[in-house]
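Next come two complexes, and both contain chain A; in the first it sits with chain B, in the second with chain C.
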Partner chain A sequence: MKQGTGLGVYAVIYLVFLYAPILILPVFALNDSQVVAFPLKGFTTRWFGEMWADANLRSALLRSLVIAFSTATIATILGLFAARASVRYRFPGKPAAMGLIMLPMVLPDIVVAMALLIVLLSLSVPLSMLTIIMGHVLLCMPFAVAILTSAFQSLDRSLEEAALDLGESRAATFRLIILPLVMPGIIASFLICFTISIDEFVLANFLGSGKPVLSVYIFGQFRFPAKVPSMLALGTLLVLFSIILLGIAEYFRRRGVAKAGGKDSGGFL
Partner chain B sequence: MAQTPSSEARAGLKLISPPALYAILMLAAPLATVLVYSVLTGERGRVSLPLTLENYYDLVTRPVYSALMFRSLTVSFFVTLATVLLAYPIAYFVSFHVAPSRKALWLFLITIPFWTSYIIRVALWRTILGYDGIFDSVVMGLGITDTQPNILSNGVLSIIITLAHAYAPFAVLPIFVSLEKVDRSLLEAGQDLGESRLMTFLRVTLPLSLPGVVAAVLIVFIPTVGDYVTPELIGGGKTPMIANLMEVAMLKQRDQALGSAIAVAAMTIVALISVFFVLWNKRYLGGRK
Partner chain C sequence: MTFSADRPTMIEFKDVHKYYGDYHALRGINGTIKAGEFFSLLGPSGCGKTTLLRTIAGFEDISSGVVMIDGKDMAGVPANVRPTNMVFQSYAIFPHMSVAENVGFGLRRDPRSKAEKAQAVAEALEMVGLKGYGNRAAHALSGGQRQRVALARALILKPKVLLLDEPLSALDKKMREHMQVELIKLQRQVGITFILVTHDQEEALVMSDRIAVMFEGEIAQLADPETLYRRPATRKVADFIGTMNFIPAEILSESGDKVEVEAKGLGRATLDISQAPARTGETPVVGLRPETLTLLYDGQPAAERETEGVIDEVIYFGDMTYYDVYLGGTDVEVRLSMRNVPGRPVLEVGAKVRVAWSPQALVLFR
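== the complex of A and B ==
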């Protein structure tokens, strides 16, 4: 395949373009200058220290972690129901129900945020971390469903039938046979939803109260040039954290596929 | 354990009801509310009867709305064009030239940047493209130009670059999936029958992969029209798009009726464009297995 080399070179250039901002991030987070530009001035870790000394940032981070953990749990549980129903059963209204559940994947975030905000305000529901979680679950559910659907699809139905034939109840079959087999998918879904929720800005901004979550806090800080280096330090840590979580998620997703004897078609989406 | 169709349907409905109810309560009902609000009169955080088309009349008659809608559509058009054109060769490369055992790794590498903080990425593009930023210092350091290009001063261009970067994986994945489905024996057949590689690609591979291209176009085009963060951070709010206008109407003017009307109008225009686009490509979609 000679003609593959030209494409291969293009593929590498493309990856460099994709990774350019992420690679630049640690360079300037460790650069001893307030101005984010070449030439580099020298090595420093003071931006990391400045970042960690910021109490507002720490409380924003805590809020984000609570929201992300709740979101990931709820979205994965709801995703389990939807994925199981869509893979295993035929029922009336299935395309409409699945379409509605997957809709937030293509709708602009601002429209989802606005619609939810209007309803919350008209019902006089006070904005809080809870309202952010409500919105984030909606946003994460399609991703959970997509990951869990492929986990359920690679499940061999005869295993389930065997357990039922051998006298297990439906609930026990689900707990003893199905759940362990889709567990890698569940973990992958949880981690992906967690990552989405931590990063999400628009809904967190619209549906949150005055106390900012991490993404909203970062957004605000970028208005002050003096704060940019310490935000880059924070960004470096966030990117590292995301990559580790995604690496774990990918590991479990692949193990799930291998466990069920399926062929790896790759990719989260 | 043969299930009768009705008991299967019941079990399925029971399972789907928690997530479906959640989506109805949290998405369908709010969207319906937006639709209703858009024909009410809004002021200072409240809406009231009677039904009116005043909001839509405002949208049509005041040039700022059509100007910003046009800008949003233009930005989305170029972002979609760039992402899909740049993504196709990558999807083709991974599907046809990467060993099957390493395809998952390539897709993983392509999707990682998408999962890292969007705010941070957008802000980084600002420092890359800005006056005396990284791009300027590299270009001037190489002696290509004496004056700072300062791409950031061109709001629309920098928004397009940033969004094209952000949505790249969204375009690669659907195209990749449709290329994976292309029956390789068809390609051999084409070449055995004397077609060149290029002609085989143009007459077999490309048409067969068009469903993926159409999906990629929609999945990039629809959300980018409503992007809010990028114009806010990149243009410093000086190059607003339609989503920023929604935010101003909703949160600053506190006119929920007007905000709703902007959202409904924008989504209707986007939906119409999407439907036309799908119909235009209809002969390539579905049908052939």
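== the complex of A and C ==
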């Protein structure tokens, strides 16, 4: 019993250290003072207004959304191919290929960023949103493949054979049977890749041109004390946005597993 | 048995081989399946029966040989244009569709009007006893209902051959026995060739016109259930189908259509050549089914032959009693089954008994 209490206290302290800093964001975003310090002065929403009035911030946000959308689309489509191949087919070099796809999950981002930057510069590829998208796809692929593999694994192979057996072509079988049944996985993969891309900093900073994306812009603004509260307001919105996206992704992942009659084998939430 | 040998051939295998890498899964399959026949592929797991079924459906390419359906060579013919439909072991009901959408799936390319197709779906559902279930969600059905949907979905296309891959193995015993009878009735009703894959010898005997018993990628015997049971071609087949006693024997002479043997504990017997299938090079034994042996009560004469014995074990089943009996002065033990009828008490272990047997019930494996 005593031991249990000790562990409980430890768990609470652990969670406080993990999440309390995030709670600082909304608290100071709504605090009527430029100085980020206690005691709080009063309630205001003007930092949200100020944030939105910043044209540079809006264009940085737009760039980030374009990058995140492109990254999520490309990573999910490539992930679909990789996951299908990994679940359904045997081919030489498969473990190596799958291992290399999953590798960026454990590689330090900074290493990937440096390596890509050196290669791009030596090939004299101009840095742009495109190069960031390339980097982000690399980073998101392991997540897309992991989610989609689980979607394909819970798909009974005889469903495909049944559709063929009933006279449908391979293309129609994919469209009518496979796609609808893995769709929850596709949506989950898209949303998670989108979330990863939109707040990624290291690659976006290394591989970007002079026009910053949102994360890089936020970091830059922290040099100006007057800008800090509106950045906290932005941060607050991003936290809310991420939670909603992840929630939707997990909902679709679970629904997919249940629909295909499989057992839930873990997830992100 | 409704099978008649003069029916036209529906499926023909000519020296079919299948390799998975180094693994030789099918080792020279030959045989024919007749139109309108209820045919079973029976064998233990890993014997190649499902692989053979899948070569008919077109899900497996064969390494060499020929598979013909209704006179046409199926080489290079993909699954979606073969005149076969399959009921899968998992039933493969599309979980995101309703029952009616599942059953009507194969009609997507059918030029008939929507109303006509709906009518066909309703009829198919009625045929399998699921009238009015069309709007149910497929994933909410019970195991037995799923199987009926799978049957309706396959039969609505009026295939020449219906393939059934262990369709009853996921059902409980009561349901399984019920569905066996339903499947037989359904097959007689539609007249389509049914090919059933099963590892359950009883199921195969109950349902089939003919059975191919498979071991290790080969057909060991292809025959009707009665022949298979009474005249198994090898000791292995005899052992797989029902129960059989094997008694060491010596072949005394073989001339013309008669074989004379000396079976340990039974004595000499003259067998017809039909009771002695082709040699396989085994140590000679004679086989006897338990129900062909009878315990005689005092004063009852044997119809043909009798031998003395001592009861070693008594297994009571209610309607039947199984006795394990040592044959007179030997270490040969046979199992025999007796119906429990009034006036015949169940005997006890150690009792001295007389066992009646008939030379015609013997099968010689050599």
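Quick notes on this structure:
Criterion: the second predicted complex is superposed on the first by the 251 of 269 C-alpha atoms of A that agree within 3 Å, B and C clash if a C-alpha of one lies under 4 Å from a C-alpha of the other, contacts with A are read in each partner's own complex, and residues count from 1 in each chain.
FYI, a contact is a pair of C-beta atoms (placed from the backbone, for glycine too) under 8 Å apart; a residue touches a chain by one contact, two chains touch by 3 or more.
Predicted, not measured: the structure shown is a model, and the values here were computed from it.
By the touch criterion defined above, A:Asp156 reaches chain C but does not reach chain B. The partner of chain A that touches more of its residues, comparing chain B with chain C, is B. In the superposition on chain A, A:Tyr10 makes contact with chain B only, while chain C stays out of contact range. Contacts of A:Val87 after superposition: neither chain B nor chain C is touched.
By the document's definition of touching, neither partner reaches A:Val125: not chain B, not chain C.
Using the contact criterion defined above for the overlaid structures, shared-chain residue A:Leu237 touches neither chain B nor chain C, since it reaches no partner.
By the touch criterion defined above, A:Pro180 lies against chain C but remains apart from chain B after alignment on the C-alpha atoms of chain A.
With both structures placed on the common chain, the touch criterion links A:Val202 to chain B but leaves chain C unconnected.
Contact with both chain B and chain C is seen for A:Leu164 once the two complexes are overlaid on the shared chain. Common to the chain B-facing and chain C-facing surfaces of chain A are residues 161, 164-165. Residues 1, 5, 8-13, 15-20, 22-24, 26-31, 33-34, 37, 45, 86, 89-90, 92-94, 96-97, 103-104, 106-113, 115-121, 123-128, 132-134, 136-138, 141, 165, 168-170, 173, 176-177, 180, 197, 218-219, 222-223, 225-229, 233, 243, 246-247, 250-251, 256, 259-260, 263, 267 of chain B are the ones that touch chain A when the two sit in their complex. Put simply, chain C touches chain A in their complex at residues 57, 59, 78-81, 84-86, 88-90, 92, 94-96, 105-106, 108-109, 139, 153-154, 157. In the complex of the two chains, the chain A residues touching chain C come out as 156, 158-159, 161-169, 172, 177, 180-181, 259-261.
The residues of chain A lying in touch with chain B in their complex are 1, 3-4, 7-8, 10-11, 14-15, 17-22, 24-25, 28, 35-39, 78-79, 81-82, 84-86, 88-94, 97, 100-101, 103-112, 114-119, 121-122, 134-135, 137-138, 141, 145, 161, 164-165, 192, 195-196, 198-199, 201-202, 206, 215, 218-219, 222, 228, 231-232, 235, 238-239, 242-243, 246, 250, 254, 264-269.
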